[in-house]
Structure formats: C-alpha cells, structure tokens
C-alpha cells in the first residue's frame, strides 16, 4: 500500500444513483411519501435532495429495465482531487473515466471508477447551489430528510474493505467484531459516525442509503404515514435505536426493493484522536440497542451494483464468518 | 339559585362560531396554515374540525362585515336536555330560541340562549359523524389540531361567572386568586382541566378558543411554519408551559385578530373528588411556568361577542381587581 | 341479564395488585428504573403511583411465594356504590367480601368480588390524596408514568367478557373481529379508549397493565435506559404505534414476568354516541400500525390471577378461534 | 495580514473556564440541575463535560472572589500547533505563555494568549479520554448536554473580530448586517454553524457558552425543571427557534450571571464552498424565528474576561452601530 499515490481529499458521501423500473412509482415513494425535494428532472431521471442540502442532489433516480444501484458519489475538496482520484484508482489497476460537467445535472466534471471492492464510485468537486430550503418548514413533508448521511455496502471481506477506505483517509468510528473476525465497520470523512459502512455479506451490493433527519419525530411520522396508506410493508426494520452510532432509525424498502434508512441523532467525530467504539458480535444491543432481533431480509437482501458500462457486477459469496451465523440475534442458520 | 330548574346535562364544549371579514383570508389561515379539516362549506361559511373530531365541526367561520365571536356551542347528552336548557335559561330571565336541525350544517335541533354573562351559547344533542381521520397521518398539516378543547372568556366579574357555571354542573380544576379576589377560574364537564375558563377583564368578550394537539412538536412546528412564511406576527404569546393546566401552549391571532391557543398535554379530572389547584396571583409561574412575562395585548385584547340578533353586545368594564394591576408579570399599570 | 340489580357507578380503572417473588427486585424495576412514585410501603408491600395520580396508588406490589396478579381495582363514584357492587355480583352468584378502610393503605372501605370471568375485582370510593407531583419535573425518572390507564385481560370467550362489562355500563370503543368471531374488545368508563380490554386466550389471566405517559419520548427513553443497563431483555414488544387506540406503546416484562405497557396518545371517547372502530383481524395494522409482527410470547404468556383466598384460579383454554391462528401477523401455528 | 506566520490548525472550540463566587452554588446549578458530568474536581475547581464528550472537560469552574470568564479553550490538531500558536500570536504582538501538561487537569501542554480582541485563549492538543457515557441513558439528567458547541463573545467592532478569526482559518456561516454595518457573525472550524460568534457590544466580554443537546425535548425539560423548583428566573430568553443557525434554544443564567445556551439542531457546514447566509438586521426572525422580541438584558449583560494574570480586562464601548438601536426587536433606545 505504501507505494500508492496520494488519494483524493474526500469531503463526504454526497449522492447515490439508483436504477428504478418505474420512475412514476419511484417518484410517488421518494417524493410524495418520503418528501424528498426535486431539484431537477428529465424524462428518465429525477434529481432529489434533502431540505438542508446545499449541493444539487443527494439521490439520482434513473429509469431502467432492471433495478440496481448505480454510482456512489463522493464530493472532493477541489478540482485537483479529480486527477488524484484517477491516479489513485489507476494505480490500483481499476478502470476509471472522466466525464464532463453536466454528465449529471448540476454537477461539475466527474471522475468515475470501478473500485477494488466492485463498486462504481464517482468524485466531483463542483456543484450548483439550489435554493436553501432548510427554513421552509411550510414545505416539509414525509420523513423530512435533511441530507444524505452514508452508504452501507455489503462486502464479502470486511477487512479488505476497511483497508481500502483507510487508504482513502477514512477514520474508523465503530466496529462489530470478536477475537477472530471483523464483522462490520463504520468509517468517516465528515465529522459524523460514517460516510460508509461495511456489512459482511455476498457482494458487491448496496445494503442501504442512510439519510439524516433532525428529530426522532420524523422517523415515527414516516412510519405513521406509511401505515395510514396501508403501505406498512415498506417498513422493513425498526424503528429502533442502534447500538452502533446511537442513532434512532428505521429501514424502508422502495418499490424496487432498494433499502434506505432514516437516521437521526449521530455524534461528532472530528477530533484527531477520536476513539474507536468496538462492539462484540454477541452483544444483542449492537444492531438494536433495545434488543429487538434483526429481520432476516435485512441480512440477506441488498441491491446489485453496476459497472462503468452499466452492467451488473457479479456477486461473490461472503468470504468470512457471517455475523448472522455466530449466535447473534437468535439466528441459528445462515440467512441465505 | 336553589329554585332553578335542573340544568341541561352538558357533555363538553364542542364548537364556536366566529365572524370573519374575509372568508378567503380566514380559510388560508385556519385551513391552509393551521391544517383544520374542512367538513363542509357554502358561500358564506366554513365548517372545520380537528383530526380526531367525530362530530361535524369544532369551528364555524362565517363571513360578515365586522369581526366578532358568535355562539359558543356545547354538546348535551340527549334531546331532552334541549328543553332543560330552555327552562334553565328561561328561569334566569334569558332570551332563548330553538332552531331546527340544519340551522348549522350537520347539527341537530339546537337551543340558543343569551346567557347571564352576556354570551351567546348553543346546545345541541345530535351531530352527523364525518369520516374518521385520526389515523390519516398522510393528511395532517400545520398544528395538527385534534379537537376543540375549551373556551376562554373575559368577564368583568369572575365570581359571578364561576357561580353561573357551577350551577350548570361544571367542576372547578384550577384558580388564580389571593386572599381577597378570584382572578381567574378553570371549569370542566369532560374529564380535562376545562371546557371553559374565565379571565377577569372587560366583557363579555371571547378571549380565545383552545384547540387540543397531541404533541409539543405540533406547537413548535406551527410556529416554524409561520416563521417560514414571514407570518411570525401571528404568534402573540409563547410557546411556553402553563403553570395552570401544565399544558404546553402557543397563542396565535387570526387575520381578524381572533385568538386561538394550540394546547397540548392536559390531565385527567374525572374523579368525583378531584382536588382544586389554587395558584397565587403573585406566582410568576401561574401563567407561564418558565416565568416569561405575559404579553400586554394578551391581557387587553379580545373578540366582541354577538347576541341572538347578531348585534355586538356592549362591553362592561372589569368590576374587580385586575390580575395585571397587582404586580403579577412585572406590569405596573393597567393593560388597558 | 334484565333482572340484574343496577351496577355500581364505576369511575375508572384505578389500581392493580401484583404478587412478586422478590420485593427488592420489583422495587428496582418499578421504582428505580421505571420511575414509579412510592406513596407508601411496609415490609411486604409497596404502594406506587404515577406523577399525575391524585389517589393513593396505581399499583400495589406484594411479596409472595408465587408470582400472580391480585385484584384489579376500580374506583366508584360514591360509598353507596359499594353496596351496589355487593348486590350486583351477589345476583351473579359471585363470592364477595367487604373489607374496612385501610385494608389497602390510603384506601377507604372496599368491596371485593370474584367476578364471572374469574378475576378478583375490588371497588372503593374513598382515597387519601397524596402530594401533587405533576409539576415536579425535577423528580421525574424512567418512563415518567402519569397514571394507570387500563387492564388488559386474557379471557377464553371474548363475547362473554364483552357482555359482562357492558352490563357494568362500559362503552365499547374498538374491536378486532371478522364476520364470525369477536377476537378482542376495548371498553371504557372514563373518557379514554379503555379501562379494560379483552384478549382472547387461556384465562382468566392478566395480560398487562397499561400505564399512561404524556409523550412518545418517555417510551423511547425507557427503552434507552434499559439498553444502557443491558436490561434490553425486559423489552418484549415495540416500541410501536397501535392501530387499535392509535397509541404509541412499548411492552415490558418485570422480574416476575408481569407485563406492563407504557402507553401514550389515546383519544377522547366521552360523547354519548361515540362510534365504535372495528378492525379486521386480517389487517396487519390492527396490533401494530407499522405492520411489525406481534412477538409470540405476547400472545401466549400472561399472569395467573388469584381468588379471594389468594389461591391461583384455574386456567381454562381458549373457547373460540384464536387471533393468532387465522393468518394474522404471519403466524401459522397456535402460539401455545 | 499577509506577513503573519501560519495559524495553528484549530479543530474546534473545546472548553471554557468560568470564575464563580460560590463553587457549591455553581455545582448545584451546573451539575445537579443542568446535569453536567463531573470528570474531576479539587477544592477550588470542577471539571465538567457533556454526555458525548470524549475529552476531559468542556467547562472548568474555578472558585474566585469576582465572577468572570477565564480562558476560551480550542483544541488544535497536533502538538506542533502549539508552537504555531505562540508564533502566530507573538507576531500579532500578543502576550503568550506555555504551561505544562496538568496545568488544567486531564489536559496536555497548553499555550495561552491574550488575543487581539482582548480575550484569553488557550490551545491544547492532548487530552485524557474519560469514560464514554453517550449511551448511559440511565445517568442523564437536566438539559442532557452532549458537548460544548460554541463561544459567543461581545466585541466593540465586529469586522475586526471577523478578520481576526478569518486569519485563524475560520469559515463564515451566517451574518446579521445591512448595507453599511456587520452587526454579528458566526464562524466555524468544526463542521457546524459555529465555534465562535461575535455580538456587537461593549467588550471584550463573554456573551454566552453554547452547549449542544440532541433534542428539543431537552430544552423544554430543562425549563420545566427550573420552573418546578421556582428557579424560573434563571431562564433569561426563550425557548425559541433561532433564525440564524435554525437551532432551537434557551438562554439560562447561572448563579453568578454567566449565560449559557442550550442549543439543539444545527446543520452541516463542511463543504469547501459552504454558502454564507446573510440576515438583514431588520428581519425580526434573525434572532428569533417566531418574532419574539429579544430580552433587553440579553443585549446589555455579559461576563467580564480575564487576562493572563487573572485580572479583568477593561471594557471598551461599542465602536459601531448597535443592532439594538436600528429598529430591530422593537427597541427604540440603546439597551445600555
């Protein structure tokens, strides 16, 4: 690793792209029900953001024949970091491409790469600034999402993912582990618990997108709205309090099965010697501080990811002991 | 008093009528901003209710040339109570009239009376049941008002008002007083702190309508929405915690200056020996538990009330020591 | 039924007695963790209440060799209702006894009865008034319970239980049913959704005691405290939103397995024509508005109840179709 | 400015020291009522922190004859930044001193300086890590403060203060201004709205310390506790929603008159092109989004600050137009 060129200076996780099979149904879910703000749109895409977001988008929904996760977008500090991204991933033997401003609406020149973990990642420095809506309480609806908070990805080998993101300059906030195995890890660039987390499992797959909301009330209200409309089956897990991160959360599934988390609370991690919090895989509170069992589908299901050509990446089986097989959460058999 | 006929069996405060000078502006305030549900309407009236309400209306807004408070509506237990109301008020020398079902939409036969305190009161037993919306969280907006909670009226002589409502079978929950004077009183039929409260002042005038909301969040959110739209001048007093009633509250003024309270929390008063809580007029916590001073307009301004013919009732000066002149809230001069 | 003497005028559910096998452990759970207020105590008993309660106790914990539920206590309107209780239950062929004031501390003369459903019920009119603590926010801890809200009991035959409480003058607020079967019912005297509810199952057993708290925050906080102390196994089900009652809830189990609910929200039911809300047994939202499955133990486990002599009542199997066997909640086999 | 040596790399505002005239009274206020955690103490000092804080202290209370604000402590990235601090302030002609680890308990070597604005500032890199208490919900009390958020200081000339902190690498998030005057500014190093804010006024004085809490509930609860104990006079202003920062807040005064803010919500400012939000001084929502007038004492009163020798700094009158004299908040006369 020591011979790698310097990584790009990543500011934070900024947006993700999802391929959805019905844009009208996706719009109903993400915009009408969850209350995401539409920054821009065209016939095949929706650009959405939270109420606090001051860049152009946190989520791009693109119409396509097969549901999948497209790119994970990271903001970098400056345009110079785009070349650093090309060199860094090039040195790792990864395919990259540079696309001009406007490749995604409202977004400057962008470097795209197939990362060593099998995910499509994108780096951009410049963004249009949309209207500031944070104090437009009259417009707020649904989960009142403020901004994207993190990506959670399924990887067959968690230590490999950890080393990769460590080489990108990410800090480590929390883990699930035991004496032999690292089952999951949470890593950050911005001063929160994470920008990216790894859940051990068949991968590469996108486990969920985490969106920040300001108050637990928003989590409860989102569930109440879904129940009101007999859409309670969209609620997969929670609400609950995480042990890891201490956040109050709920997991929802969109009409294509893409998973999102409405995530509140969190804590500051900006100090240079921020201590790592290590959870035992056998502590029933690590995934739910109140001891509620994780739903089997939450362990087994996730979104396929695409390569630079828009083709699904092959999924590789988990290469390590699975969290779900070691007696955690009362499961005694592998989830799938 | 002992020779009075039995009073009607009043269930609760149920609705009020307000005359507004612009129905479109009133609609924008009460419906679009505050989120009241429209049960019914015609060219000159709006019938509104809260999300929990299972009778036809909690508020009737009628278009008229001069802003005023019309009737205060009480639900009675049965149709037989309508005759009891006529006899009770007749024995007091009050004008009454009986109007047929439909006089107000969705409402059965009604007895109207000019009460001894100068207020127009209405009694009804039957109501249409509108659609149950309590669990339609997808529809909720604004202050998310559940139902009417109480009337607060200005009376020149608080003990007289207290005796009148006592004769109607109301219980007493709380007072503001000192060794010499009863400054204010809260009285109930339903099992809450009050259906009616008296504030000493020039009267008869309607001080405010209190509407119940389920969570403090609704009070804060309503203020945030008004601020978002630069309508913060509609917020007259609060948010705060009342000493009396322990409720978390805010007072708003509608475009005609009619005052309402969004009122949360409250407590159970249904036991037959429910103890009275008596506050000293000099306890700064009685009106705001956090010691925030009452706004002068809150003491001095209120809505004129109408008689059976729709004419404004003359206003009589306060006939007792005023709360605002005895050193409470830091005021040293009368508010008017 | 028509020849029954008039029933006692029941005001509300007021207290329950639980036999616990370790009073120190029970104290740690109910007082130290949940924050119940100790009104009084002796070597073998604790008298507890919520912060709003103005009678002497909502819960009596008594030390005993075997965990069980003792009496369910109802407040009646006047001392004359004690005789009515004796006559009413006597006419039903039930054993009754009258015990003097002080039989339970702080409580006036009391009539006890073994009711036709197999439960020990107690009726009292007079109570000592303890210190008013509602506005002592400095003392609040744990779940910040305000008062007892309701009893939920397991009965083999729900329609029989419904008819019995109907004969006692209880109103019906909500049901779970289908074209053939009444699976559960909620009935009230005070102006809330219920004072007593029936869950179909082996009985007589006490399913849970419901305690009212003012804010959803108290439910979440109670869970957080239990997680903090690695006592998350005390959390049996929830938090969640009920379809029935619309309340936000959590179910906890005490060290002897007695179940309680921390219950917030609720709605007004005081109007004489209050409409019944009937839920289909196949609506997954009826027990949890967000569709979360009911925990099997919640259906199968409950507390044995005692007779007038303190002996456990025999438990009779469910005599009707069980909610859990008709496809609700994804269960395909009887819970027991 | 261009010839200045590079500034120290400041991570965030970390702690403040206050001189209090009665340590037992201060302890009752900060620890018993507000719920600050005691990390350490000796006969003349208390070291306090919030529940999330992972360094040794956020607040040092020292006993002294005259109430005053001592140092404002900033954490720097590394030990090398201590020398940079000496050189930076030395180049500005400011007195500095370097004190060894342990000068404040739990804190590494520290550089102290009298800054050009007249404040005593301290820089440290190393800190002891106390026990992690974030998930000890069982211990939480009072305002449940998580960590120090910011310093708010009174300066006679806001643009001078702005330029000084700009030279230290602080970003600008929000301002209050008009075409001629900068009345107030909010500046940050960590990714929140501010680490330091300037209020135009006689100075140097400490206006308040801002402490972050996770939920609006904590603000309301703190006020309720103070009301419960008849200590409502400690509540100076609020609760309310700020226009600037969008935070939900309350201002309290300690027994020596030191002001603190319990501050919730806030937003992310970590992007390199984070846009500045500029408020008009005439917008009544800038200081309170709901239009509630600022309390006069909030504009006029503040804590004197000490120099390196522990002597109070002379206070210089405001050197620019005062916010309070330009028609904002309905004030028509200077507050002082």
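For clarity, chains are labelled A, B, C and D in written order, and residue numbers in each chain start from 1.
Here is the rule we go by: a contact is a pair of C-beta atoms (placed from the backbone, for glycine too) under 8 Å apart; a residue touches a chain by one contact, two chains touch by 3 or more.
Worth saying up front: this structure is predicted, and the values here are computed from it rather than measured.
*Asks:* More contacting C-beta pairs: C-D or A-C?
*Replies:* Most C-beta pairs in contact, of the two: A-C.
*Asks:* Which whole number of Å gives the spacing of the CA centres of subunit A and subunit C?
*Replies:* 44
*Asks:* Based only on mean CA positions, could you tell me how far subunit A sits from subunit D in angstrom?
*Replies:* Computed from C-alpha means, the inter-chain centre distance equals 34 Å.
*Asks:* For subunit C and subunit D, what's the span in angstrom between their mean Cα positions?
*Replies:* Centres of subunit C and subunit D (C-alpha means) sit 50 Å apart.
*Asks:* Subunit B: which residues touch two or more other chains?
*Replies:* Correct list: 135, 215-217, 224, 227, 243, 289.
*Asks:* Draw the chains as points, connect those that touch, then say whether the picture is a line, ring, star, complete or other.
*Replies:* complete
*Asks:* With touch defined as at the start, can you tell me which subunit D residues reach subunit C in the complex?
*Replies:* 33, 135-139, 215, 217, 221, 224-225, 227-229
*Asks:* Residue numbers of subunit D touching subunit B in their complex, please.
*Replies:* 216-217, 220, 223-224, 226-227, 230, 232-233, 235, 239, 241, 243, 248, 284-285, 289-292
*Asks:* In their shared complex, at which residues does subunit C touch subunit B?
*Replies:* 11-12, 52, 54-55, 75, 77-78, 127, 129, 132, 134-135, 146-147, 190-191, 214-216, 243, 246, 265, 267-268, 270-275, 277, 289
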